[in-house]
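The two complexes that follow have chain A in common; it is paired with chain B in the first and with chain C in the second.
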Partner chain A sequence: MIKESPLFWPAHMKDGSLYVLDETLIPKKVHYIKVRNTQEAVKVIRDMKTRAFGQFLVVLNTFLLELQNGRALSKEKLIEKIKETAEALNNSRPTFPFSEVTSIIVGWAQKASAENLDLIPFVTKNIHGYLQGIRYRRLERVQKIAALIKDGDSILTHCNVSGELAMAAAICKDQEKQIHFFATETRPYLQGAKLTAWELQKMGAQVTLVADNAIGSLMADEMVNKVIVGSDRSCANGDFANKIGTYQIAVLAKEFEIPFYVLTQPSNKIKSGEDIPIEVRDPQELLNFSGKRIVAGEVKGFYPGFDVVPSDLITESIAIDVN
Partner chain B sequence: MIKESPLFWPAHMKDGSLYVLDETLIPKKVHYIKVRNTQEAVKVIRDMKTRAFGQFLVVLNTFLLELQNGRALSKEKLIEKIKETAEALNNSRPTFPFSEVTSIIVGWAQKASAENLDLIPFVTKNIHGYLQGIRYRRLERVQKIAALIKDGDSILTHCNVSGELAMAAAICKDQEKQIHFFATETRPYLQGAKLTAWELQKMGAQVTLVADNAIGSLMADEMVNKVIVGSDRSCANGDFANKIGTYQIAVLAKEFEIPFYVLTQPSNKIKSGEDIPIEVRDPQELLNFSGKRIVAGEVKGFYPGFDVVPSDLITESIAIDVN
Partner chain C sequence: MLTKKEKSVVLVQGVVKGSLFDLLKKRKTTDIVVLEGRPNLEAARQSTKDLAKRKLIPTLIADNMAGVLFYKNLVKEVWLSYQLTDENGALCDIGGLILAVLGKRHNIPVYIYPSGRKSKLLGVSGDILKFNGTRVAPAGVEGYVPLVEWVPQKYITKTYE
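Showing the complex of A and B:
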């Protein structure tokens, strides 16, 4: 039995509502936000209360909410509602391929309607089965990551890998491998400082925080021998998008011949990295820290939320199929 | 007449005291700290109230203070005091070559003594002359930087170049060159956000702040065509040390074939980058942001204050001799 990190499965249904871990409050507080409908789900996604895999979970569970909320509706109205939910979720953030998942759910609803199946239980059961499958494959991947990590490794990670890396670290600890992690801060949201460092420590791993600008120095001084990062979106040709900063880490890893591993959810919907739309977020998220402005009045900011790593910089992609 | 940035000459004598610009309060407040003796000077340096060239100015001016304070002392006691001052300043921060400057002052004092010159006026006059020479050469370099910058340039800079880059930008503006700057935040002290962005804007330049992790993305998207940075310490072979993060910018610039310029104060005292001692600063400076802790309890931090850029990554070194 693998010890589970709260970030591994950050959203769950309980008593008819969806509870989403508010990752913006970690490490201060472990608090779950109650979500009851699509509108609230879109807000949680847009406000980045949860990220990456957490958003994927929110998307899937939102359909469970709307199936519940729509119990009294006619089949036609319910299908309409499911389509609207898919549309609203698809439009919540540009970089994420939510439509790849939402189209599956819409497909189930249409199939239930065409084949005259009982729509709500059919789609609900399928979503539950889908989630179980993903859960199983992610737990398998945690084992793969643990096997990849060798005694004596010093591993650099960036942003947050939603539980899997920390759980692999816990397995390595059980196996008495002596390992160490460097987590980047990951400005401006500080996911590395707030989530990754917290989570790795919680799972019993040794972790040291560094600024995003210290990577070249760490690598030149041979303080890192592996890079493991997650991905937000993958392409058919192996390119992937992840939190801003991942790309320059990959370039530096290549320069220093340090193996660069990425956890991906492959997709054939997007051909290559050039086709991934990069979300440019509100510069205020960069120019303010904890409500305090870090610059003088008129200074502008530029905050691309993600960057693209081309496949030739990747040593190995540790993939799971979530579709 | 070049419009002068407050960061160009951040320490000056007035009414027998040294006034040092408190750069940690910028951009909120332009405040000067009164320094009366070596002990207070060492504190200003160690607390990074001023940096790089500002620290160099503090070092030189501290001797003017101690010459004043030692008016009543015998020649022997005064030379002893000057040596103690040199020693205290040399030990204030490991990465800086203060001894290269302090040894010159000690030399003047010894010369005055050996040749039976009037010690205080002799050394004071020499220090003033030395400072004037540096001022002149730095103003010359501002012109060189302005000439280097072409119409249409988009220039990336890191940390803060103590006035010169911003003053060059003001000259470019007078020449009606359309130019733009990207300033990195420069975690953890945020010199880029607090000093560089403020200073460039104050001098009328267009500046956009980016996180330290966005450099690879900016370069891949061809948003930067020149890099100009300062240096804290230079070596005989052309290597230099500067604020942590400079090295990875240099590696990325090479990867993207973007010219990389550095302002240096060459020295033959240190052979190569390998011989520069790198100051590892208190991790608390990283683990706290604007007085707020950004990590959970036990997480460690690693904060090397500087890194070394080898000469083969430098397109051109724009040097002035300050010794």
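Showing the complex of A and C:
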């Protein structure tokens, strides 16, 4: 039995509502936001209350919500509602491949309609089955990550890998492997400082926090021997997008001959990283922190949420098939 | 920013002497991007102040955001601050090595400019556990806070005295 991190499965249905872990409150508090419809789901995504794998869970569970909310609708109206839900989720944030997930659900609804199946139970059952499959595959990947990590490893990670790395760390601990993690703080939302440091510590792993600008020093001084990161979107040629800062880590890892591993969800919908839309967020999210301006005087800000890592910088992709 | 002209951005990293900005102003440089410079954000605060005196408005980015500007082919040149130098390289403010290696990968010139100050080699753990005065990391987590790093000569295009 693998010890589970709250970040591994940060959204779930309970009593007809969706509960989404508010990642912005960690490590101060573990709190779940109640989501009742598509509009509220889009808001938790846009406000970055959840991210990465959490978005995937929110998408699937939002369809469960809308199927439940649409019990009184005709089949045609329900399909229309499902398409509207897909459209709203697809437009929530640009980089994560929402449409690749929502199109699966729309496809099931259309199949149910075409084959005259009872739409709500058919799609609901498929979503539950799909979620179970993904859960199983992610747990398998946790074991793969644990096998990749060797006794004595010092691992650099960036942003947050949605529970999987921390759970692999717990397995390594049970196996009495001596390992150490360096987590980058990951400006501007500081997911490394808030989420990764928290969950690694909860899993009993040794973790040291570093600034995003310290990765070169760590590598040049041979303080890390592996890099493991997550990803938000993959391309047919093996390029991937992840939290801003991943590209420079990958370039430095190549320069210092440090193996660079990425957890991916392969997709051939996009040809190469050049085609991935990079989300540019409000610069105020960078220029202010906890309601306080970080720099006085006149200054502009630029906040790209993601960057792209070309496949030539990747040592190995540890993939799970989500299709 | 991502739609700017190719090779139009001048990146400035670390706490540099204000005279660098006279040089940039003389060259009519407009797209100056300043990295915030964790842990104390000193680079962002000092550079912004120095640029304001010269009526130049910089764009601030976090220390993890330079890579995407290189990837998008927007960077024209890089300026790193150094505290000392010899024939083998320079002791630069932390983060300099990242930009130097990115410069090498993308064939972008990397210039080093005096900092005019000497900082400690290492900060204290607590420096990184807070941001802008607010505690962000969970209790019990340690931080490692190098404040300077060595940038080998092979990455440096030109040293300014």
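One rule holds in what follows: the second predicted complex is superposed on the first by the 322 of 323 C-alpha atoms of A that agree within 3 Å, B and C clash if a C-alpha of one lies under 4 Å from a C-alpha of the other, contacts with A are read in each partner's own complex, and residues count from 1 in each chain.
We take it that a contact is a pair of C-beta atoms (placed from the backbone, for glycine too) under 8 Å apart; a residue touches a chain by one contact, two chains touch by 3 or more.
Note that the structure is predicted; figures quoted are calculated from it, not measured.
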item	value
Side-by-side fit of chain B and chain C on chain A, or clash	clash
Touched partner set for A:280, first chain B, second chain C, both or neither	second
Contacts of A:142 with chain B and chain C, given as first, second, both or neither	neither
Chain B versus chain C as contact partner of A:7, first or second or both or neither	neither
Partner chain in contact with A:213 - chain B first, chain C second, else both or neither	both
First (chain B), second (chain C), both or neither touched by A:301	both
Partner chain in contact with A:197 - chain B first, chain C second, else both or neither	both
Set intersection of chain A contacts, chain C complex versus chain B complex	27, 158, 182, 184-188, 190, 193-194, 197-198, 201, 207-218, 220, 244-245, 247-248, 251-252, 255, 283, 286-287, 289-290, 292, 294-296, 298-304, 307-308
Chain A - residues contacting chain C, complex	27, 158, 182, 184-188, 190, 193-194, 197-198, 201, 207-218, 220, 244-248, 251-252, 255, 278, 280, 283, 286-287, 289-290, 292, 294-304, 306-308
Contact set on chain B toward chain A in their complex	27, 158, 182, 184-188, 190, 193-194, 197-198, 201-202, 207-218, 220, 244-245, 247-248, 251-252, 255, 283, 286-287, 289-290, 292, 294-296, 298-304, 307-308
Residues on chain C engaged by chain A in the complex (per definition of touch)	1-2, 33-39, 41, 44-45, 48-49, 52, 57-68, 70-71, 94-98, 100-102, 104-105, 128-129, 131-134, 136-138, 140-146, 149-150
